[in-house]
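Have a look at these structures, which come just after this line.
One chain, chain A, appears in both complexes that follow, with chain B as partner in the first and chain C in the second.
Right after this comes the complex of A and B.
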């Protein structure tokens, strides 16, 4: 296996960190894999953690927890996974100490730098404006000690040809190039040390469709020629669908679905993937699912399944907490059931799973819940309403946290609907 | 056919230190009443410049060398085209004149939504204030009527109004007639909004409608409101007292809440009190759309309104635009570099390249059976979900300081003929409603 992440997690501490400001949970407990010569797409909306995942895989930032295992033999990876299920920390540690990129140091790390690289979205800021194309492409070869200056200079000419640019471009400056040409230069630079793993972060998002098509075709050719494993990060599902062998879908810091491209695109299983694919403009397969709301704040992500507040299939145990239910209950009692809540009374969450409706009768609240739970899905998490001190006491069931469930043909889905009972 | 707006042979150049960029080279576009006209093209093809020219928002280094934007029987760009010899100084004073002339139109009869909502919102003002502001500037008489209606109405009036609404099941004409017969204009939209809400129960609705009465205002304020209602423009009205401003803005907030709720904004009472940075990207874009639409403009220009938001939010906004098209009387120009987005919302699509419209026609035809080589190649370059093979367009877009003579696409066109390098192809009608600017379509 070229690269495998296990339980990979990255929390960015907010300033004032330990004093209780919290952290951005950018990537939470993610497993991903890329094989030699494979193109793996990562799709998700802005802020879902795609770029952070890419930087973690390359060791550009240190994970909060979890491992990135590089170039690990299949048997050992399997052994690691078995140890993980058995909670055998010792075996896990033994394997990780040999293959984890965070444990490498000095010479090993320099060799590793040569074998993995990244290409960024913005073709304007990712190239040093004061350097000529030649210097830009040469830099990684020299700094990793892959080639000497003169050898590298010669190699630049070959690389330019490889990415479809005339040799004379070696003497140009970035501002003399179009966006598409800059991305070709960036690509030439990132393949210069013949890496075996490349992360492409939105490589075509800043380009017009015609330039995008050229770069995508070029990437496919480069992959064939050098058998590089590519992790292609993008929010554009059609691009991923055109390019990838396999896909991971991310939502709010988690991988919610993974598997072979064709089966995911034609038969998405996770409710978020279903909505995402149906939202692609021009997609005419099946009815369009319009999600309500927007992706959550990752400092305090929704409990249980991160997707539950927007999920069209949401169930009673998907993560509803007192705060969410109290808000909807109050909205109903102040609007549609005006009059039920007395002047000055409130709907107060008490802890995570209990709500007090001040001054209300349990019987009445129960009726509202019965009436509305078809439409207001959060109310389904209520299992009991009884008279309490100073009003009706509403009790919620404990929620579940979805794990990763294997479905068919190498697919995995993180949704409680697919949990085997 | 009468058009909501038409652009004729528009030519605009930008004067910069690096040379003169010929951004628009004879743009012709007609916007029909009630339609959504999609405008697509690569970056730099002139989409935004066309939108800005229509709004009279060109920067001072922009020279309009010819052409017109016809709206409501007049040429909006006349002050700019009348400049004989171009200089930024002369242009600047012409633009100032243009701004004065367009002030009563911009934001009221023609409005624009930009890609990045933050650029059109003021970060230090509540969003409710910003929506109210466009109403106070352009439609103070409506705000005055709304307020005065609640002052004049008696409990008996609102009781009768409620009866009319119930008996006619919320029919707009019945309510309007009733309100007019009692000289309570301005009350209808408030009452109907309450009636159509579905987040509150009947009892609550009835209460709220009955309460649209018996408000008190001071006699001076009342007199000022009445003069506004009488059609005196806000600029001509006696210097607006602080008091009157406050009353109008308060009423503006009230209408903002109603309007936002029709745009699917949850909890609008809270949202109007918030500042732009407290809102998500999608919500901000809805606010900008609300500001653009609240005065019921004839023409709305949307420049890449969904390019800065996520796919699922984009789907929400596209749904909103489709819904608006059904509900309001405005005509829309919807600019996007993404043809599949245009396929969702447009009636007709115009394709721009090198500052010209190279093809325009009904949506299905342009997308499924394009006739201009550029359109065909553009469509073949777009990846789709089925993963079919794509092909880039060889070559680079021309340098607009020195565009090639003849057909502007000739350096990349696989079919280019001698003629294409000498003459500019005119726009040929290839079928009903479908026009293509390419010699292959006629004129051999």
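Right after this comes the complex of A and C.
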């Protein structure tokens, strides 16, 4: 296995503020894998943690927890996974200490830089405007000691030809090049040390359509020639379906679904993936699913499945908490069922799974819930309403946190619908 | 291999040629450069071949107590004379060397200290950044002239110490400029790309960030060269720097002060020499910015 992430988590601490500290949970508990010479696509909307994941895999930012195992033999990875499900910390530690890039010293990491690199989205800011193309492409070679001096210069000429640029471009400055040409230079830089793993962070998003196609074809050719494992981060389903062998779909910092490209595109399983694929223009497969609401605030993400507040197929145990249900219940009681809530009384969440409806009768509240269950999905998580101290006490069922469930060949879905009981 | 090297050198040459053509296409900069060159040549001549300008005492002012009252410009005294019978033309020629030297010393020292501290503080962040920036705040909270006077007073009121005092009050502005610039450049993707390529902190700081920080610094240097000549002259003019007949433009302007109503040239000519230099240096700075910015080259 070229690279495998296990339980990878990154929280960005928020500094200061009146409300005290918190953390943006950009990536939480993610497993991904890239094999040698494989193109793996990561799709998801803005802010779903795709780019953070790419940077974590390269060790450009340090994870809050979790491991990135680089170049680990298949058997050892299997052993690690077995140890993980058996909660055998010792074996896990033993393997991680040897293969995890988060454990490497600065010097070892620098040596690893020769074997992995990254290509960025914006070709205008990813090249130093004061450096010539030659120096830009040479940088990884010189910094990692791969090649230096005239040998490196010679190699720059070869690389330029490899990415379809004339040799004379070595003397140009980035501002003399077009977006597509710059992106070719960026590609030449990232492959200059013949790495085995490359992260492409939205490599074509800043380009016009014809340049996109050229860069994608070039990437495919380069991958075949040098057998580089690629992690392609993008929000563009078309790009992913053209390029990748396998796909991971991310939502709100979690991988919700992963598997072979064709099977995910033709038969998406996670409700979020279904909505995502149905939103591709020109898609004739089934009706378009329109999601309500917005992606969650990652400082305080939803409990259980991060997608549950927007999920069209949400169930009673998907992660509803007293806060969410109380909000919707209060909305109903102040609106459609006006008068049930007395002047000055409130709907108060008590802890995570209990709500007190002040001054209301259990019987009436139960009736409202029964009536609205079909429409307001969060009410499905209520399993008991009884008289409590000064009102009706509403009890919610405990939610489950979805794991990754194996469905078809090579497919994994993080949704309770697919949990085998 | 050999051909590649010559190819490389030919390219270097081509680059210098573009730089020059960019600079010379800016007319103001050319005029400025000519004036600055005249000053520089004058300073160098006075330093090394004073006899070429016909100066017998290049490092002191020559008084004439036989006729101390300022004389108007005439054939023998092109700029007239000032009290006490000092020939203004030759004195200005001598004074340029002194002012130029001190101004260069102050600005370059200030810019060097400030830029290095600014870039380091932006790059290190945290406590280092906080510390350096609070120090610059202290410097900025006191008017620089007052601060320079205070430091000069502590160091001892001589020309050299005064230059040192000015350098001490002059670095914070460079530290702020460099830091601000470095902070924005630090966040650009090419810095992250460099890290992904295995470049270490030192290389990123000095090869990636510093070159992108320098252009505004150069512009500031060119502006300051003129300003420091002004400030220096002001200090000499108000008599803060005790002067033992050292030809210095500000001191020169102050000599004829009692006669300014009847002999305005005593102040006018040294003052014009100061202003002209400040202006010329600004023009050159403008042209220099064009050369340094690759985006303006095409």
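Miscellaneous remarks
Going forward, the second predicted complex is superposed on the first by the 414 of 421 C-alpha atoms of A that agree within 3 Å, B and C clash if a C-alpha of one lies under 4 Å from a C-alpha of the other, contacts with A are read in each partner's own complex, and residues count from 1 in each chain.
Criterion: a residue touches a chain if its C-beta (ideal position, glycine included) is under 8 Å from a C-beta of that chain, and two chains touch if they have at least 3 such contacts.
From a predicted model like this one, the values you see are computed outputs, not experimental measurements.
Upon superposition of the two complexes on chain A, no clash is found between chain B and chain C, which fit side by side. In the superposition on chain A, A:113 contacts chain C only, with no contact to chain B.
In the superposition on chain A, A:216 contacts chain B only, with no contact to chain C.
A count of residues in chain A touched by chain B and by chain C gives the higher number to B.
In the superposition on chain A, contact is made by A:125 with chain C only, not with chain B. Of the two partner chains placed around the shared chain by superposition, chain B is the only one that A:291 touches, whereas chain C remains out of contact.
Legend: residue contacts after superposition of the two complexes on their common chain; A:405 is shown touching neither chain B nor chain C. With both structures placed on the common chain, the touch criterion links A:337 to chain B but leaves chain C unconnected. In the superposition on chain A, contact of A:261 is made with chain B only, not with chain C. Taking every C-alpha of chain B against every C-alpha of chain C after the fit on chain A, the minimum distance is 9 Å. Residue overlap on chain A between its contacts with chain B in one complex and with chain C in the other: absent. Residues of chain C that touch chain A in their complex: 1, 4-5, 8, 11, 188-190, 192-200, 203, 208, 211-212, 294-295, 297-298. Looking at the complex, you find that chain A touches chain C at residues 58, 60, 110, 113-114, 117-118, 120-122, 125-130, 139-140, 143-144, 150, 153-154, 171, 173, 175-176, 186, 189-190.
For chain B in complex with chain A, the residues that touch the partner chain are 42-43, 199-201, 203-204, 207, 280-283, 310-316, 318-319, 337-341, 343-344, 377-378, 380-388, 390-393, 396. Partner chain B is touched in their complex by these residues of chain A: 45-46, 178, 180, 208-217, 235-239, 241-243, 261-262, 265, 275-283, 285, 288, 290-292, 294-295, 331, 335-339.
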